[in-house]
Amino acid sequence: MLTKVIAFIAVAITGSLLLYGVADFPSFGDPNSPANAGVEGGAPSISQYFITESYKDTKVPNLVTSVLADYRGYDTMFETVVVFAGGMAIFAILRVLRSKEEPPKPQSRAETFVHGDHNRIIVGTTCKLVIPVIQLFALYVIAHGHHSPGGGFQGGVLIGASFILLALAADLKTALSRLNEPNYIRLACIGILIYAGFGVLCQILGGNFLDYGVLQPVLFTDGPEMARSHSMLGVEIGVALTVSTIMFAIYANLASRGTLNEGL
Amino acid sequence: MSEFFEQTIQPHFNFWIYVILMMLGLWAVIAKKNMIKKLIGLSIFQTAIILFYVSIGVKEDATIPILDHHGPEHHEVVHENGEHIEDAETSAHPEEVHEKKGDHSHGDDHGHDDHATDPDTMANPLPHVLMLTAIVVGVATLGVALAICQMLFKEFGTLEEDEILAELKDSASDD
Amino acid sequence: MIDQLPAIMVLAPMFGALMIGLFGQKDHRVCFPIVFTSLIISLGAAIGCANLVTKDGTIDYFMAGWEEPLGIGIQLRIDHLNALVIVLIGVATTLVSFFSIRRVGALDTEKTPHFYILYLLLCTGLYGITITADAFNLFVLVEITSLTSYGLIAMGSSRRGTHAAINYVLMGTIGASFYLLGVGYLYLKTGTLNMHDIQAILQANEEVRNSNAVIIAFLFILMGIWIKMAFFPLHGWLPNAYSYCPSSTACLLAPLMTKISVYVMIRVMISIFGLEWIFIHLGWSHLVVILAVIAIVAGSVLALAQREIKKMLCYLIVAEVGYMVGGAWLSDSNMWGLSGAMYHVLSDALMTLCLFFVAGIWSKCIDAKEIDDLEGVFKKMPITSACFILGALAMIGVPPTSGFFSKFYLIRGGIEGGHWEYVAALLFSSLVNAVLFFRIFEIAFFGKNPPEGHGHDEEHHDDHEDLHPVLEHEVSWRVTIPLIVTAVLIVLLGLFNGPVVEFIREAFPPTSEIVSARP
Amino acid sequence: MIFSFDIIILIFLVIAAVISLSVKDLLSASMIFGIYGFLICLLWAEMGAVDVAFTEAAVGAGVSAVLLIATVFNTKRRSSD
Amino acid sequence: MENTVTSLLPVLACLASLLAVPLIVLFRKEPFLREMSTFAAGILKFTFVLMMLPIILDGKTIVHTFTDGIGGINVPIMFRVDGLGMLFALVASSLWILTSLYAIGYMRGLKEHSQTRFFAFFALSLSATLGVAFAGNLLTLYLFYEMLSLSTWPLVTHHQDKEARTGGRTYLSYLLGTSIAFAIPAIIFTFVKADGDLSFAGEAILAGQDLGYWPALFLLLGFAFGFSKAGMMPFHSWLPGAMVAPTPVSALLHAVAVVKVGVFCVIRVITGVFGVEFFKDLSVNLVLCWIAAFTVLVSSLIALSQDNLKRRLAFSTIGQLSYIVLGVALATQHAVAGSMMHIAMHAFGKITLFFCAGAIFVAYGKKYISQLDGLGRKMPFTFGAFAIGAMSVTGLPPTGGLLSKIYLVWGAAEAHQIALLCVYLISSILNGAYFFPIVYRAFFKPAPEAEIATPGVKEAPLACVLPLSITAVGSVLLFFFPGLLLELTNLMTGAK
């Protein structure tokens, strides 16, 4: 009870403070708010720059992609690293490497939980049909991220989800036989390496880290803008690789309590 | 009351809801005893912040932050708000045509240098970018927290905080 | 090459982590060389940057080359405020990596590569936090350090450790979210994320500067950072998390995490909001100093109540955080408090590192977790104990260790700013530290139950046997060398306090600005 | 952006959050949290943040819910609050 | 205003014993070499000090600065030798040689344990003492002050038994506690007031500053109690507690080095921080005077009631230290001079007494005054020296103690403080009252029955007796040849 009272007081204070701050916000949806249009009397805000100039700079119509992978590419790289770090942290916490400590279970608890004693024909067949479609769609999302919503993260999560689906429908072993443990960690590393590799390549060619414009001679593009555009695609592929493998890894560890021998 | 609503709440409706959601989450983190509940609360807390950020970037009558190459949507938006075109000078109309042409060959960047979109017609992309990051961070955190919860369950056989604390107290007095 | 140093510094540990992921899983022996190489590269780059700062002043590095208009890209900045902090991170992480070779053994050896991956990513995060000039990038990097430290703390922990870890996750995430929220409020009011850009806008525009939203933004950023640094009423997660996790983790986290948070607070105060606005317009100085005083006193008293060595040290960290927060908020006209706080970041990191090293060695080698287990340890492990004494003296504040000088500057700031309660709290805490450590010295020197009679009345100990069993208990050089280096650094930092503080003070606005604006 | 639509989703959002936090069955709570995720994804799509919406649909509603459910399976389904 | 000479000599003098520490540890298995290195370091140190003497007598000061102060914030580690420092260094370093000799005899005679540690910390504490003597600014002074507290702790607790532990605890908690609680704030306050200047060179630090009565009083008391090695009541009880240490430690450290460092610091503060004239103008000196006077009387009375010889000596020391503080606090020319002289005079007298106490313990294992009946006939040299030491401390001719007391009394008269003058006189009588019964007992009371069986002279080992004889002779010589001391004190007080 006491915790509830304390919680209520804390929440009430925090909430009223936040609302106090809200009071002099520009109204919702105001296109002239400082965030959207810059502070009154000052320079236009950076988002205006993005809207008006980014296509010129990068030739990528999806502004979110260009801002994500180019202007704030450094952030995005670390975002990928966050995912990777999360995966590694879960591995470090949960993974049981000495399997003899865990007595083998006669029957999967989850199996009875979900399916009773039925076999998995319907689920299995559906998944067999759906998984390739998901993966195909995921590849489209990654590749078409320049033009439509989507990109490395979304596509990566989708690929990861397809593996999760496989693990749910068949079992974890099947999914892991497609993508085993040392390999998914390696793939995750390679994903970030692709990303950071683009950055380092830029450094080698005399630009700053992630300054894709200088990659023009290497990528044989017409101008720095297209070099940026193409590099972004490469970078997104790296992101997708890491995100997909790590999402699957997180699921695999959480679902099997770190033993990786049976899923849900 | 209605005046209060119109002047204070309505223009900031989203912000009010975000505060409410956030406080729900925070309250759950502090007051709930079950770890899973706490984590759901934490996730709600984080999504509330994301909601807040996305709300910053919203512009009335603006479209999604993807430059239009394929035509109709953008025009429709512009048409719907006839006065908007006048406000925002000549809008993006002529350029749109340009783009349509250049669309098929991206390598061809000549002729696009004068391309300029009216910022007011498009949602602010920056908060979206930031929040993509925040979402991913959120799920990574959730994963780690769930992993620790499983460890907790392995060691204590429960996820209720009061039971865990009681057990810790017992083991401390045993020492 | 030279102008790429900031990026190299941040990225080297990350590449190291990736290399371990690629090659270290099968053969664990390649892990340490990779770790060491990448940390040395980072350290070298950090020293290089610091050197450049000394010569040419501030270094700006624009990620992806997006310079104009300010704020579209991500800016890194190394100036006088953080140049020494990055060197500190480099030194500390390298030293701890040595220490961790042996310490990892206590964990699941199969997880060695994963431990090192987390370790290196944490280093990346720390470097990144320190040099970034982008408010949102800071959040991302904070999350990297948080996630890796959750993993490091929870791996190989005991029951208590796991419980502490989940608390840490909850508190840490709320802290980071508060920070993010504050940045959101700021962004909403200013439309930019670059710290210097925000500052320029705030300074140019009085209406924005004094709006509720900006004040609330500051408050929430501050609260977020305070949670991260375990400032007193928000410190709950720290003692258990740091005292029940593996020693090498504690050695890495305890000295660096809280100190980096303090640095972030000072960075936010100086580079985003501006001291003048904080001290004169807001006028929260007295309130925060009083909070700091409470933190110092409470931390000291709680430390006094502990019997476990590591836990005691953890509560001392809580008290030390109070020192730094208080110091940063003293608002004395000459910025002595602020420079003292910044200097204390360096000195306290080294002191904590030294003490945690020793605590780790003790808990491993002679299985001493409580103070009472330390009977006669001085004789068994003279080198370790000597370093412990040095660290403890620094904590108490005995010259010529750095601890004395940081207290000196802080107290000076307290006197000039008229915060007598802060001065009194510092002295009180020094006294408590003295009591605490001499209690340990006594047990370690005498043993718990000393013989009743006189030493010379007993059968006389032959001098020749006096120091005989010494090195039997002393641990390997890989552990003692970092320890000794740390101890030496404590003294060196103390002896060269003048140049160091002078260097740090270059970062602050000319004092006349603040003085003239003072009511 | 349509104001009424906005309001309706927001209200549903709050309801979903409250239910997900108050239901005692953790599996249901996780599922409702998934619904919450989809609602908020809808909201963002409606606000013009399509990329965020897409990510939230995949990550927030999909993966998060799956991870929660996986953990609930491996631990206890009932909670005291 | 002064002629300064930059020289490494003070540093070398300080380092001489510090460098002996590794040697001592190195030769831990060769007792002879170990003790020789102690000895050699002592002689070397004394030589360095002597080499500086002519320069000082020329009216110059020797300065050595380690780091330059940058921008006025950095207080450098600075050595500076002037008359007062010289005087103290002379006393300390000369007595160290004798004490080393004595310690060798004592430690070997009792077959003490951990002798290596003992000698190592002994040398370390001497370095600290000289560091205090040569400190050129408040910070350096404080640094060596703390170093001394810490390096003497293992010496005090040498026996490592329960008693030593309690004594050591009291010792450190008093010394560290007061220095942290009072001295540091006082130093920093001075630093802030004087705008970054802590140097003793030139004008006194605070001279001419705008300082009110109460701040000045608090500052003064902060220093006086902060440097609690001076043993002012109520922070005196560490000194009797520390008497658990082996006698050479008590002798050198608690009659000479440690306690004198305390009063030395107080003198430095009054002359160097406040400046004698300014100090008097502030009229806070009377408060200090009365605290000191109170300490003098009370400690003398307590000493009367002690049966443990070393404890009686300890309380006597407390009283004598307050003489010195009282003298400085009077702030007249002769009183200050008397104080400075008393450092030396009392050092020789008191160390003799402690040596005697140790010698008695080595030879007969006796600690209590009531056991000493008739012992004088068995140990004529020891008790002869004891008598001389007692005379010197009491202030009777022909010993040096008389001179300093005359100066002190003269100073009191100069300041028109008749009451304080009376304090001096009364306490001198008390001194006599607690010392001479011991001498009387030893020589004239018949020995107890049991011990008559072994008549004849049986002194402590030569290494013990020789030093105490030398110091006793030294006490007498100082009466006849006080020229050097007078010259050095005159350098400080500015008298012709």
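Residue numbering begins at 1 within each chain, and the chains themselves are lettered A, B, C, D and E in the order written.
Here is the rule we use: contacts are C-beta pairs under 8 Å (C-beta built on N, C-alpha and C of every residue); 3 or more make two chains touch, one makes a residue touch a chain.
Note that this is a predicted model, so its numbers are computed, not measured.
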What chains do subunit A and subunit E have as common neighbours? C
Note: of the two pairs C-E and A-B, more contacts are counted for A-B
Using C-alpha atoms only, the most centrally placed chain is C
Which chain maximises the distance between its CA centroid and that of subunit D? E
Would you identify the chain whose Cα-based centre sits farthest away from the centre of subunit B? E
Intercentroid distance (Cα basis), subunit D paired with subunit C, Å: 38
In whole angstrom, what separates the CA-based centres of subunit A and subunit D? 18
State, to the nearest whole Å, the distance from the C-alpha centre of subunit D to the C-alpha centre of subunit E. 78
Per the C-alpha means, the centres of subunit B and subunit E lie apart by a whole-Å value of 74
Please set out, as single numbers or ranges, the residues of subunit A touching at least two other chains. 18, 22-23, 25, 29, 33, 35-37, 46-47, 50, 62, 64, 68, 72, 75, 79, 82, 85-86, 89-90, 93, 149, 153, 250, 254, 257
Scan subunit C for residues touching two or more other chains and write them down. 136, 140, 143, 147, 150-151, 154, 181, 187-188, 193
Residue list for subunit D, restricted to those that touch at least two other chains: 1, 50-51, 55, 59, 63, 67, 70-71, 74
I'd like to see which chains touch which, written out pair by pair. A-B, A-C, A-D, B-C, B-D, C-E
Can you check the complex and tell me which residues of subunit E touch subunit C? 28-29, 31, 67, 69-71, 73-77, 110-117, 139, 142-143, 146-147, 150, 154, 157-162, 164-165, 168-169, 172-173, 176-177, 180-181, 184-185, 188-189, 191-192
Under the touch definition given earlier, write down the residues of subunit B that touch subunit C in their complex. 26, 29, 35, 38, 42, 45-46, 49, 52-53, 56, 126-127, 130, 133-134, 137, 140-141, 144-145, 147-149, 151-152, 155-156, 164, 168, 171
Considering only the defined contacts, which subunit D positions touch subunit B in the complex? 1, 6-7, 10, 13-14, 17-18, 20-21, 26, 29-30, 33, 36-37, 40, 43-44, 47-52, 55-56, 59-60, 63-64, 67-68, 70-72, 74-76, 79-81
Residues of subunit B touching subunit A in the complex: 8, 11-16, 19-20, 22-23, 26-27, 30-31, 55-60, 62, 64-69, 106-109, 112-113, 115-117, 119-120, 122, 124-130, 132-133, 136-137, 139-141, 143-144, 146-148, 150-151, 154
Considering only the defined contacts, which subunit B positions touch subunit D in the complex? 13-14, 17, 20-21, 24-25, 28, 32-34, 36-37, 39-41, 43-44, 47, 50-51, 54-55, 57-66, 123, 127-128, 131-132, 135-136, 138-139, 142-143, 146, 149-150, 153, 158-160
